[in-house]
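Heads up, the next two complexes both have chain A, just with different partners, chain B and then chain C.
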Partner chain A sequence: MVMNSKSTRNILLVTALAAVSVLSACGGGNDKNNNAGSSTNGGTAGSADKEVTLRLFSNLPDRKSGQGLAEQMVIDNYIKANPNVKIDIETLAEEPFKNKLKAYMASNESLDVTMVHGGAELNTLVQAGYVKELNPAEYEGDTYKFLPGVYKSFTFNDKLYGLPRNSDYEVIYYNKKLFDDNGIKIPTTYAELLEAGKQFRAKGIEPMSMNGKDLWSFAAFFQDLVVRLTGDQNLMLDAVAKKKNFTGDENFLAAAKLLAEARDTKLFQESFMTADYGASQNLFTQGRAAMWYMGSWEAGMATNDKLPEDFRNNVNVLKFPVVDGGKGKNTDLLAWNGGGYSLVSSSKHPEEAKKFFDYMMSADQWAKIVWDTGAAVPAQKYELSGKESELQKQLTEVLTGATSTAGSIALDSGTPKFKDDAQNAFGKFFAGGSTPEQLLADLQKAAETQ
Partner chain B sequence: MQKVFNNKMAIFLFVFPGILLFSLTFLVPIVLSAYYSFRDTLSPGTPSAFIGFANYTELLFHDSRFWLALRNAVLLGLGFILIQHPIAIFFAIMLDRLGGKAEKWFRTIFFIPCVISVVVISKMWLSLLDPTFGAFNKMLDSLGLGMLKHAWLGDSSTALISMLFILIWAGFGWGLLFYYAGLKGIPDDLYEAASLDGASGFRLHWRITVPLLSPVITVQITLAMITALKQMETVFLTTNGGPGDSTQFLAVYLYNKAFSASQYGYANAISILFIIVCLLATYLSNKLTRSDATEF
Partner chain C sequence: MTKSTKTILWVFFLIVALVQLFPLIWLIDFSFLSSNEFYSSSVLKWPSDPQWQNYINAWVDGKFLRYFINSAFVTSVTILLTVILSLTLGYAFTRMQWKLRPIFFTIILLGIMIPIHATLLPNFAIFKALGLTNSYLGLILPYTAVSVPLGTFILTGFMRSIPKAMEESAVVDGANIYRIVFQIIAPLTAPALVTVIVTTFLNCWNEFIMASTFLSKDALKTLPFSVMNFAGQYSSDYGSQFAVMVLTSIPAIVIYAIFNEQITKGVTAGAVKG
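Our next item is the complex of A and B:
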């Protein structure tokens, strides 16, 4: 049974990567393949529909750059094509957004479309009946072009409840200028990463920026280490699912010890435990940190003219380094589909909401715009336009070059209680100096009591 | 007029709206909270089942985070009573002696932290205590005390004391205001009489000021304990109970359990115990500080 599941997953992953790879290969120099941006809603332009206001709740408060801009552009396009529709957007940054969405769920607030985080968070919404089931068959084909296997975090009990907006994967962004100016080698192994960290610290530069206050990045970093040691994308996911144990497994212990080395050599910035997402990004984009451990959705940094030009011209992507003696390759990618959109059950305008939802998720709207603006890597097949930034090309190469993917981030593959307890375990580990064995014991307890 | 007061219907009509309001805003939420605390609800709206006292048993006997949060609240309460209040009394006495425009000026300055938004306070102290760029660590460096530098809010050995400092600082103005007002109510002739009898300086205030302020002190101690137990916003915005629970407080823990960890039933059990603890704290602080108020 397990073997079948793994085989199925591997087939899906290979197919997905092959599809992206083929498109990448043929898209680069052939303008004829570029989509003209035609609207799938052209036929309704003349209809005399009644006035409708839709409510969208989003975790993208910055509407002038990055994904927020892409989302806003989709909305503007929709409003242009549907003059009878107004869209009322409410936005909050990451953690406040999550908490407020739960509060909305509790009061059955009449939203129409909401951003959702797949996995544990979406599962709670599903159990409350707050989000609608979707018919996967409707989203097959060329209107949407979703890659195979991207619904994993949005599917519960074989039913689909949301659509992914991006291909999310962890990388290390780095500032090439800081490496060059200080004569420091760009690391390809974990030992080299730690060594680079020491060298930067000796020069008064923060080696790597981390959103430690949010805690989830530690779990991703740990998962990356587990994969580098074992080459097994399922090990940590199985431990969360209680098919394996965190305690008593030498691979987890080895990974925890490597994590302790990062802590003890001060790889992360001094303020890492109190730095939230924005603070950690700011440290990197202002040239005070040489690296930033974050996901692929920050491709927009290279084209964001609010950031220093020096930085924009030097931001690059590093694959998570291999561990000496480990079985994992740097092409074993911690990739998943974390964020997406769902239709809300308590919507007052369900038909209009679905129309907007389908429009937003079509291949020539969110997916195309988010790629063309350089904001992120979509979860749908996209064609290289030839105008990509260097950062986007590198990110594409990381994705298409992946020899395996996780499919899910372990932290989000259990219950919200597991996530909360596991994050707390990492918090204690990094700020209180607990031992690798204690970290594993805490993770084991978190898995067992979820 | 006597007829109105004898009329039961009139009494009922006048009292009913208040009771209704009290019931809807206080009693009903508590009853609902108690109801949820006996269920395994993930979030309101999700299916749940009756689980008896399982939530309470887990909380009281297996949840070290709950007890840590409670301990931190007690420490904060003690910090208010033993650090904030003595300083506030001292400053109130100094203010009272100033007189004139200077008194008004300093009174305003000392109260500023209480009118600043909690968000501003949180971000300000995050910046001041930043390990790399913060003014406090830079000051230590310039004084040649670089070895004392810490990631004050990010190191679990220093995070709690840093948080307590912020909270004591932020609430100082309220305490000062109450003590200042209380001080203004003490007649000057008592001080004159005591001075004639040879009392001066510390003895003067220990014998005259403190006893006569005891009603204010009593109220302030009660408020301090309740405020400590209820602490939420500042902690939530600076450390969110971290790192690793070192600055965990009951209300932050409750909030995160309810909304981040999706353990709504469990969070309601925390809130019921929270109410019980607050009532006990109120009762005990009133009991311990009760004494015949000094007459003059």
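Our next item is the complex of A and C:
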């Protein structure tokens, strides 16, 4: 029986060993491939004809439509022009993307180019020395054609650390047919907007669709109101930076009261607090809501053949209406440059990475493609191709006609904690029905404790 | 029981069953719609023009097959390791007498209370230093580590209820310790083992945060990434995502259908005797 015990033990040991070796072979095999790849790359990065693999990290997992498609087209163009370069793209959706970028930053992962969000998030990367400083002089002139002032959320201590990929600005999309059919006037003032809301509601049509679950739209709406009241793009940004106070300021109070009016007159759809982005969009594109408060990146709606034709022919853009007695004009645009790309300091192929980065950011690549496909409005000057949809022309008009721009959305100008707390303050205001004073107190607290 | 009470009971059970099944029906229904038909006013919508394209997207763009194989591999190895470790640990904690037993038992059980996501960043740093990121092992190890405590907990409870006489007679017949654990105890704890297998399966099959942090190579990604392949920065291709989810849930449903009886038995057995 001793024999028996020994043989069983041996069998178990062998199985365990086999299992471990199989597993480590799987892991090890991949590592070997990696090493082999990078060592050949490393040795020959200088010569242009040898194989190089660049790593791009992006927040656009869907490569078949929208901005993900545009990004993929740029990459395909680059690979076609430089057959020696391979580009390894890793993509994750927004939240997982942010988490993993932090993990990459903490472990100094050797990415080559990464998507970044300007403002607080990029600032963290800059302080960790994870992204490279860029020379703004290199990006002047006709190859790039960046619009003036777009570097604001990518600049820290007067140094540039990334390039913006889009001009984002909030507008009100509206369905012209719904206004015409019901004899409702297209609003030019905030009072008219609320009035139109009441009329639509009386007819059983949702006035304005809002992605309340995502919360950030409320903050943008509030910032729009502050700017319309004061004509001062910096007031709210200053309050976030603790140079001013949310509480005890009559302008903020007036804006919060206007926001409460929108809530109390039921301007937004039924159960807007549970609607995420897709839900609010579908409500609008199915013709069940008359307006949608959203950003310029939805330019592609007019040409998206998956949407009803009736809708596509009737979608238009409205500037955020002026407030009676306010100092702001309707050309004061809540525009910012949120997303962009940065070069990573720990890149293994800095020269090749820079070459690809410059190619991507040149005006005839990302900017042109993203405009032609209607995926977004670029941060660079773009030529009208003549094939634009009516919606795109209107959006261009809003941007080129802007007399002042915010440069940054207040929610993103503080720390991530501020963003969280401020969003919750708006959530409490809309879902819990707290008072305007309470909202300002909550915002003040969020700014102070960030 | 009279006929009428029986009918009432039946109607009641049917309603409960329907409520339970509704999310699944809804999932399948909406996987045939195009994204812009979502959030219409009706709860269920007859697909006038069924979007088979969603399933083609799920298969091709969602890279379903490759991710499925990865998921199946990672999950099955994790289950195997979890079962072996929990079974042997459970045996050591219930039957063997050793000095530090209570302390180690407490330490292992503490593992139940540590949320997997709290270990994310430290694990990433350690795995990177060890070269385990971008490998199957990088997922299998943490998955096993979080599954073993619960598995041990369930199995110790169950083993205490098995009479020692069984093992005594096995020893008299000359069985060694491995034979006792794997040939006498293992079959007796089958219902509890199935519970461990199923909970481990569900945890690994659906886990995303860890996988998304540890893996960047496309060839190693697991099924939850497939859903992600249809997410844009703002809006998503819901139709294709639903198709992916239908395909992903099929294995879980099959497993549940096969082990249905043992699962219920195992859960109740663990609850009463643990």
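Everything that follows uses one rule, which is that the second predicted complex is superposed on the first by the 373 of 450 C-alpha atoms of A that agree within 3 Å, B and C clash if a C-alpha of one lies under 4 Å from a C-alpha of the other, contacts with A are read in each partner's own complex, and residues count from 1 in each chain.
As a working rule, a residue touches a chain if its C-beta (ideal position, glycine included) is under 8 Å from a C-beta of that chain, and two chains touch if they have at least 3 such contacts.
Bear in mind that the values here come from a model prediction, so they are computed numbers and not experimental data.
One of chain B and chain C touches more residues of chain A, and that partner is C.
Residue contacts after overlaying the shared chain place A:E192 against neither chain B nor chain C. With both structures placed on the common chain, the touch criterion links A:E390 to neither chain B nor chain C. Contacts of A:A103 after superposition on the shared chain: both chain B and chain C are touched. In the superposition on chain A, A:Q281 makes contact with chain C only, while chain B stays out of contact range.
Of the two partner chains, chain C is the only one touched by A:S65; chain B is not.
Chain A residues 99, 102-103, 106-107 lie at the interface with chain B in one structure and with chain C in the other.
Chain A meets chain C in the complex at residues 1, 4-5, 8-9, 12, 19, 23-24, 26-28, 30-31, 34, 59-68, 90-94, 96, 99-100, 102-103, 106-107, 109, 275, 277-279, 281-283, 285-286, 288, 295, 297-298, 306-308, 339. Partner chain A is touched in their complex by these residues of chain B: 42-47, 65, 126, 130-133, 151, 153-157, 159, 238-240, 242-246, 255-264. Of all residues in chain A, only 98-99, 102-103, 105-108, 120, 124, 127-130, 206, 212-213, 215, 269-274, 415-417, 419-421, 424, 427-434 touch chain B in the complex they form. Across the interface of their complex, chain A is touched by residues 34-41, 61, 77, 80, 120-121, 124-125, 128, 131-132, 134-138, 140, 174, 176-179, 208-209, 212-213, 216-217, 219-220, 228-238 of chain C.
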